[in-house]
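Next, two complexes with chain A in common: one pairs it with chain B, the other with chain C.
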Partner chain A sequence: MALPLTYNLRNVLVRWRATLATILGIALVVAVFILIQSLAAGLEQSGRNTGDPRNLMIVRKGSTAESSSQISREQLKTFGYLPQIARDGRGRPLLSADLTVLVSLPRADGNGEANVTVRGLGPMGIELRPQVTLTAGRWFIPGRREAVVSTKMAQRFAHCAPGQHFKTGGKELTVAGWFDGGNSAFDSEIWMDADEARDLFDRESYSSVLVRMMDTNAAAQFMGRMEKDRRLPMRVVPEVAYYSEQTRTSVVFKVIGTFLAVAMSVGAFFAAMNTMYASVGSRTREIGTLRVLGYRRRAILLSFLVEGGIVAALGGLLGCATSVGLQSLSVFLGWQFGTMSFNTFSEVVFQFRITPGLAAQGLLFAVVVGVLGSLLPAIRAARLPVIAALKEV
Partner chain B sequence: MSIGSFILKNALRNRRRALLSILSVSVSLFLLVSLLVTLRELTLPPEDMGAALRVAVRSKLSIANLLPARQLNRIQSIPGVSAVTPFTWFGGKYKNEENMTFAQFAMDAKKLRAVFGEAKMSEPEYKAFESTRDACIIGRVTADKYQFKRGDRLSLESSIYPVTLDFTIAGIYEGTVDDRNMLFHQEYLDEASGNPGWVGMWWLRVASPDDMPRVITAINTAFANTSAEVRAESERAFQLGFLSMLGNVRVLIGSISAVVVFTLVLVSASTMSMAIRERFRELAILKALGFRRRELFVFILAESVGLCLAGLVVGAGGAWLLFTHGYGAGLALLSGAGVALGVALWNLFQKRFSQAAMNLPVSGLLASLGIWACRHPNISKMTNGFFITFEVTPKILGLAALVATGLGIVASIAPAIAAARMSVVSGLKTLD
Partner chain C sequence: MPTNGAIVQIRNLSKIYAQGEIQVTALDNVSLDIGACEFLTLMGPSGSGKSTLLHIIAGIDRPTSGECRVQNIDVTRLNESRLADWRNQNVGFVFQTFNLIPVLTAFENVELPLLLTQLSRKERRQQVETALDLVGLADRARHLPRQLSGGQEQRVAIARALVTDPTLVVADEPTGNLDSHSAQEVLGVLKSLSSDAGKTVIMVTHDPKAAAFGTRTIHLEKGELIKD
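Let's turn to the complex of A and B:
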C-alpha cells in the first residue's frame, strides 16, 4: 500500500525551513532556463512574424543576407512585369525593389556604435507590408532626405525622435516619424525611399525585390519560371519563409540557456540530495514506525521520491511564476533586448517570449532534478533496518 | 584534541553531506568563473603583439560598405604609414556548411609580413603564397579542424560577390591570436568579379606607436567630404567597436552571474543551518562546559568557510584547469573515474551490490567527461571555435575566492545566531 500524498505534503510544510532553500534554488534554475530560452523564442518569433503570405521575396542566389544581395535594374525589368504579379487599381504591378544598407549609428546611451539596417523601399513598399503601422509623425516623402524609424530602434539609437536629424553617408537624414513593426523583423529597421537611398549610399542596384502574387497558383508558376531562367541567378522564396529562416542568432541563446540550465541544475541536484538526506536522517524513527505499521520498503521509497518531486515541482512552479512575472514587468517597463544578428550583422531587437511549451519544459526539468536528487536518499530510507531505526534517538 | 582538529572532525562527521555541499558550491563557482571569463572575453578581447602598430580603416557608413580601391595611393603617401593592404571579407561558404565557420579575407600577399608579422610560416610557404594567383593560406586552427594540408584544393561560394572561387592551399600559418582565418589574393577576387575597383577595408601598419594618432587623423581627414568617407581606428578600438554591437548580451551575462551567486548563498546557508540544527545538543553541552558564544560562532564560521573554500578549490580550480590545461583536467577526471571504478569493484568484491551500482555510473560519467576534455584540450575546440582564448585571470580567481569566503561567512550567520540564542536547557532537550 502506498503512503498517502498528504503525508508528503505535510512533511514538506513542517520542514519548510530546510525545503525553502531547495525550492528557491530550483526556482532560480528554472527561471534562468525559461528566461534565456524565451529570449531565443522571442528572436524566432520576430522572424516568424514577419511577412505577408501573399508575398514573394527575390534575392541574389548565394547571398545570406539582404544587404549582401544585388539585383540590377536590368534584371528587375526582366521579371518586374510578369503576369503572375498582382496589380493595383491602376494596373501597376504590386512590387517593391528595396535597397538594404548597413549603417553604423551611435547608441542612445553613448555606448559606442552598432550596425542598423536601413531599408530603402519602392513606392509600393509600405502597402506590401500591411503589418507595419505608423505610430508617430508621418511616412517619408519620396524625393526628400527623410527616414521613418521603428519605435524600438528609436529608443536605442541617438537622434531618432521625429524632427531630429542623424548623419550617415556624409548627409543628414530627417526623422519624419516612427513606425511599429508588430514584433516583426521590421522592428529592427529604419525605412526611407529606395531611390533616395540609392543616391545617398551611391548604389547602382537594388538588394531585394518584394512582389505580391495574384494567388498561390500564380506564386508557384512565378517561382518555376524564375528558377528556369538562366539569365537570372535569383532565389525566390515566400517572404514569410525568408525571415523565419533567419534563426542563427537564436541558436546561440538556446545553447547558452541549455548549458547554464544543465550546469546550474547539477548544483541544484546536489543541494536537493543534501536536503533529502537530512530529511531522511531526521525521520529515521518515523520511518521505522511506518515499517512496523506494515508499509513496505517500496512504499517508503516511492514516498520519498514523491516528496522530492513535490519540492522540485513547487520550485519549478515558483520559477515559472518568477519568469512570467519578469516578462510582464519587462512588457510594462518597455524593456527590450538588442544584439547583433548573425544573419544580417545588424542590431536586432526582441523581447522575452515565454511559451507554454517552455514553461512545461522548465517544470519537467525541475521534477527530473528533484526525483533524481531524492533517489539515493529514498533508497537509503527504504533500506533502513526496522529495529535499529526504531531505536534511533 | 586541538580546536583545529575539532572543527575538522565536525566538518567531516557527515562525509556525504560535506561532499555534497562542497560539490554544489563548486559547481556554482565553476559556473561563476566561466561566466566572468566569458564576460571578460566579450569586453576585452585578446590582443596581438603587433596590434599597437596596426590601424583598421573602414567605411564610415558601416563595416559592410566597401571602399574604392583608388584610396590606396592616398593612404600610402601619408607619412608614418609603412605598409597598407586591402582586407576584404569574402563570406565564402565551404561545401554545404550552414554556418560559416572560418572567415576568409582577400588581401595583398606581398604585404602580409609587413602588416601581420605575427603569422608564422616557413619561407617556401611564403614564396608559394606570394607567387601563385589562386593560392591561399589558412590558420592552424581551421586547418586542423578540416584536416587541410598544403597543396589541398578547396572551393568557396561567396555570399557577398556573385562568384565561386577555387583555391590551392599554399601554407598553414600560426602564431597570431586568432589562427582561424583564410587569406588569399585581392587580385584573384578582383579578376573573378570583373575588377569592380572596390575593397572591403584597409589595414595598415605604422612605423612607430607615436605615429598612430597622427596617421589616424590624417586618414580620416584625407577622405572627409568625399563620396567614400572612412573611419580609421586602432586595431583595439576596431575590435571594441565590434563588441559594442553585441548589445545587451553583457548585461545578460552579468545578471545571470548575480543569480548564480544568489543561488549559492541560498544553498550553502541552508546546508549550514541543517548541519548546525542537527548538532544543537552538542552545542548545548559545549555551552554547559563553559564555551562562550563567541567560540561557538568561530567553530561554525570556520566550518562554513572551510567548506566553501574547498568548493572554491574544486570549482574555480577545476575551471582553471579545464580552460587552460585541458589535458590535465581530462587526466584528473579520468583518474577520478578510476578511483570510482576501483571503489565499485571493491564493493562488488564485498558483495555490496547496491553501492557498486551507484559508483559505476559515477565512474562512467567522470570517464566520459575526462575523455571529452582530453579530446577537446583547448577552449576553441570546446566551443567549436567561438572562443579562441578563455583566460582565467588571477583577478577572476581572486573574485571567486572573495565570493566563496563571503559565502562562508554569510552562511554561518543564521545558524550562529540560532546557536547563540538557544538556552542550554532547551538545547539539551533537542531530539534530532
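Let's turn to the complex of A and C:
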C-alpha cells in the first residue's frame, strides 16, 4: 500500500515557499497553452458557426476559396433554375451570386492598412444567411453605392460608422448600417449589393453562388447533377462544410501554441525537478524512517512522483483559472481578436473559446511535466540506503 | 536448529566496513540469545558496534557474515521487499531523534505502520487509540509533533513502534535527547512493554541508570561481546 495522499498534500503546503515559484511557472505554461489553443478553437468555431445547413455553396472546380473562384453569368444561367433549388413566395429561386473582393482599408487605430473581404450579395443573399442580423442603421439598397459593415470590423477600421464614407476602388462607399454575424466568418466582412460591387470593382463574373435546397434529397440530386455536367466545372459543397474548411489558420495557432508550450514546459520540467530534489534532500531522515517502518522503495518512489504531480496540478489549476478569468474578462470587456487569415489574407475576427476539453488538456499536460520532472528526485529518494538516511541530520 | 525458547538467536555475527585499505570491524563474531519478555540493554563505548548490532537485529542492516534468527527466521537472508514487510510486522523501532513525520499528527504518525496492513479503518483507529493510551497520550492525538514536548514526542514514537503488536521493540538511545524526568517516563513505558505486554525489548544506552530498567545488560567493546 502507498503513503496517504494527505501526507503529500501537507508536505506541499508546508513547503509552499519553496514550491510557489514552480507552481507559478507551471501555471504560466498552462495558461499560455490554453489561451493559444483556445484562440485556435475560437477561429474554428467561427468557421463552424458559419452557414445554413439547407444551403449549398458553389465555387469553381479546383479553387479552395471564393477569392480564387470565378463563375460567369452564362454558367449561372445553366444551373440557376434547376428544380431542386427552393423558391420564395413569388416563385423566384433562393439563390445569391456573390462577388468577393479583397480591399485594403485604413485601420481605426491609424496603424496602417489591412485587408478586408468585401462581399457583394445578390438580392436573396441576406435572406439566405439568417444568422446575420442588422444591429444599426439599415441594409444597403441595391443600385446605391452603399455598404453594411460587420460591427466587429467597424471597430477595427476607420470611417465605418453609419453615415460615414470610405474609399475603395477609387470610389466612395457610404456606410448604411452595421450587422452582426453571430460569431461567424461573416463577422470579418463588409457587405454590399453584388451588381454595384461588379461595377465598382469592374468584374464580369461572380466568385461564388449560394443556393437554398428544397430538402436533403434535392441537395443530393443537385450535387450529383452538377458533378456529372461536364460543361460546368463547379465544386458544390454544403455551406457549413465550406466554411469549416476555411479555418486552416487555426492550425498555425495550434502549432505556435504547442511549440511555445513545449519550449516553456522544458523550463517547468527543470523547475519541478529542482523543487523535488530539494524536497528529497530535506526529508532524507524522514525517508529512512518510513523505510524502517516497512514502506518499500516503490512506495517512496510513488509518493514523490505523486507529490510532484500535486505541485504541477496546483500550477495547472492556477493556469486554468487564470485563462478562464481572462476569457471572462474579455467577454465582459467585449474584446475580440483579429488575425490575418492564411487562406484569404484578409483580416478575420473571432472570440477565444476555452472548452472543458482544453482545460483538461492543459491540466494533464502540467501533471505529466510535474511527474516527469519528479522522476529523478523520486528515484534518488527510493534508492537512499536506510542507515545512511537515518544518520542524516 | 534448537529453539531453546529464545526469540532472537545471533550466531557468529560480524560486520566489517572496508574503506579502501582500512578495514573497520564494527561487530566481531557476536553470538547472543535473547528470550521473550526480556528487556535487554546494550552498553559500551562509542563506536563499539551497539547501533550496528541493533540495526542488524531490526532488519535494516546486513552483516558481513553470521546469522540472526528472529522467531527462527534468518532475517539476514530476506530480500529487500520481504525484509520491509518483515520489519513492518515484527519490529518496532524507537530512535534517539524521535523521527516523527512533522506534517502528520500524533494519531497519523502512529497509524503509518498500520497503513501497510490489511486492517480496516476502524480497526486501525482502535489500535492507534490503544497504543496512544498505553503511552499516556490519548489526549494528544490531534497534535502535530512540534506541538509536543520531547518526552511526549518520544512516547508517540513508542506508540508507533508498538502499534503493529510486534515481537521486538528496539530502541537506540531513546532517552539520549531527553531530560531525566522525560527519560524516566519513556523507560517506564519500555519496561512495561516487556513485563506487561510480553514484548522483547532491546535498548542501546550510555546511561547506567537507564540500563538499570532492563532485565539484563550486555556490554560491547570494539565489536566484541564482553562476558561477565
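The working rule: the second predicted complex is superposed on the first by the 393 of 393 C-alpha atoms of A that agree within 3 Å, B and C clash if a C-alpha of one lies under 4 Å from a C-alpha of the other, contacts with A are read in each partner's own complex, and residues count from 1 in each chain.
We adopt the following convention: a contact is a pair of C-beta atoms (placed from the backbone, for glycine too) under 8 Å apart; a residue touches a chain by one contact, two chains touch by 3 or more.
Nothing here was measured: the structure is a model prediction, and the numbers come from that model.
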item	value
Partners on chain A (chain B, chain C) - clash or fit	fit
Arrangement angle, chain B at one end, chain C at the other, chain A at the vertex (C-alpha, nearest 10°)	80
Which partner reaches more residues of chain A (counting touched residues only), chain B or chain C	B
Chain B versus chain C as contact partner of A:A241, first or second or both or neither	neither
First, second, both or neither for A:T289, with chain B first and chain C second	second
Which superposed partner A:G169 touches (first chain B, second chain C, both, neither)	first
Contacts of A:N274 with chain B and chain C, given as first, second, both or neither	first
Partner chain(s) touched by A:L3 [first = chain B, second = chain C, both, neither]	second
Smallest separation of CA atoms, chain C relative to chain B, angstrom	13
Complex contact set, residues of chain A against chain B	17-18, 20-22, 24-25, 28-29, 31-32, 36, 39, 60-65, 67-68, 70, 101-104, 107, 111-115, 168-170, 201-202, 233, 248, 260, 263-264, 266-268, 270-271, 273-275, 277-278, 281-282, 337-340, 342, 345, 347, 376, 379, 383, 393
Of all residues in chain C, those that touch chain A in their complex	55, 58, 60-61, 80-81, 84-85, 87-89, 93, 95, 97, 99, 101-104, 108, 112-113, 115-116, 160
Chain B residues touching chain A - in the complex, by the definition given at the top	16-17, 20-21, 23-25, 27-28, 30-31, 34, 60-65, 91, 93, 99, 157-160, 162, 164, 225, 227-229, 231, 240-241, 244-249, 252, 256, 259-260, 262-264, 266-267, 269-271, 273-274, 278, 354, 358, 431-432
Chain C-touching residues of chain A, taken from the complex the two chains share	1, 3-4, 6-7, 10-11, 14, 285-286, 288-297, 386-387, 390
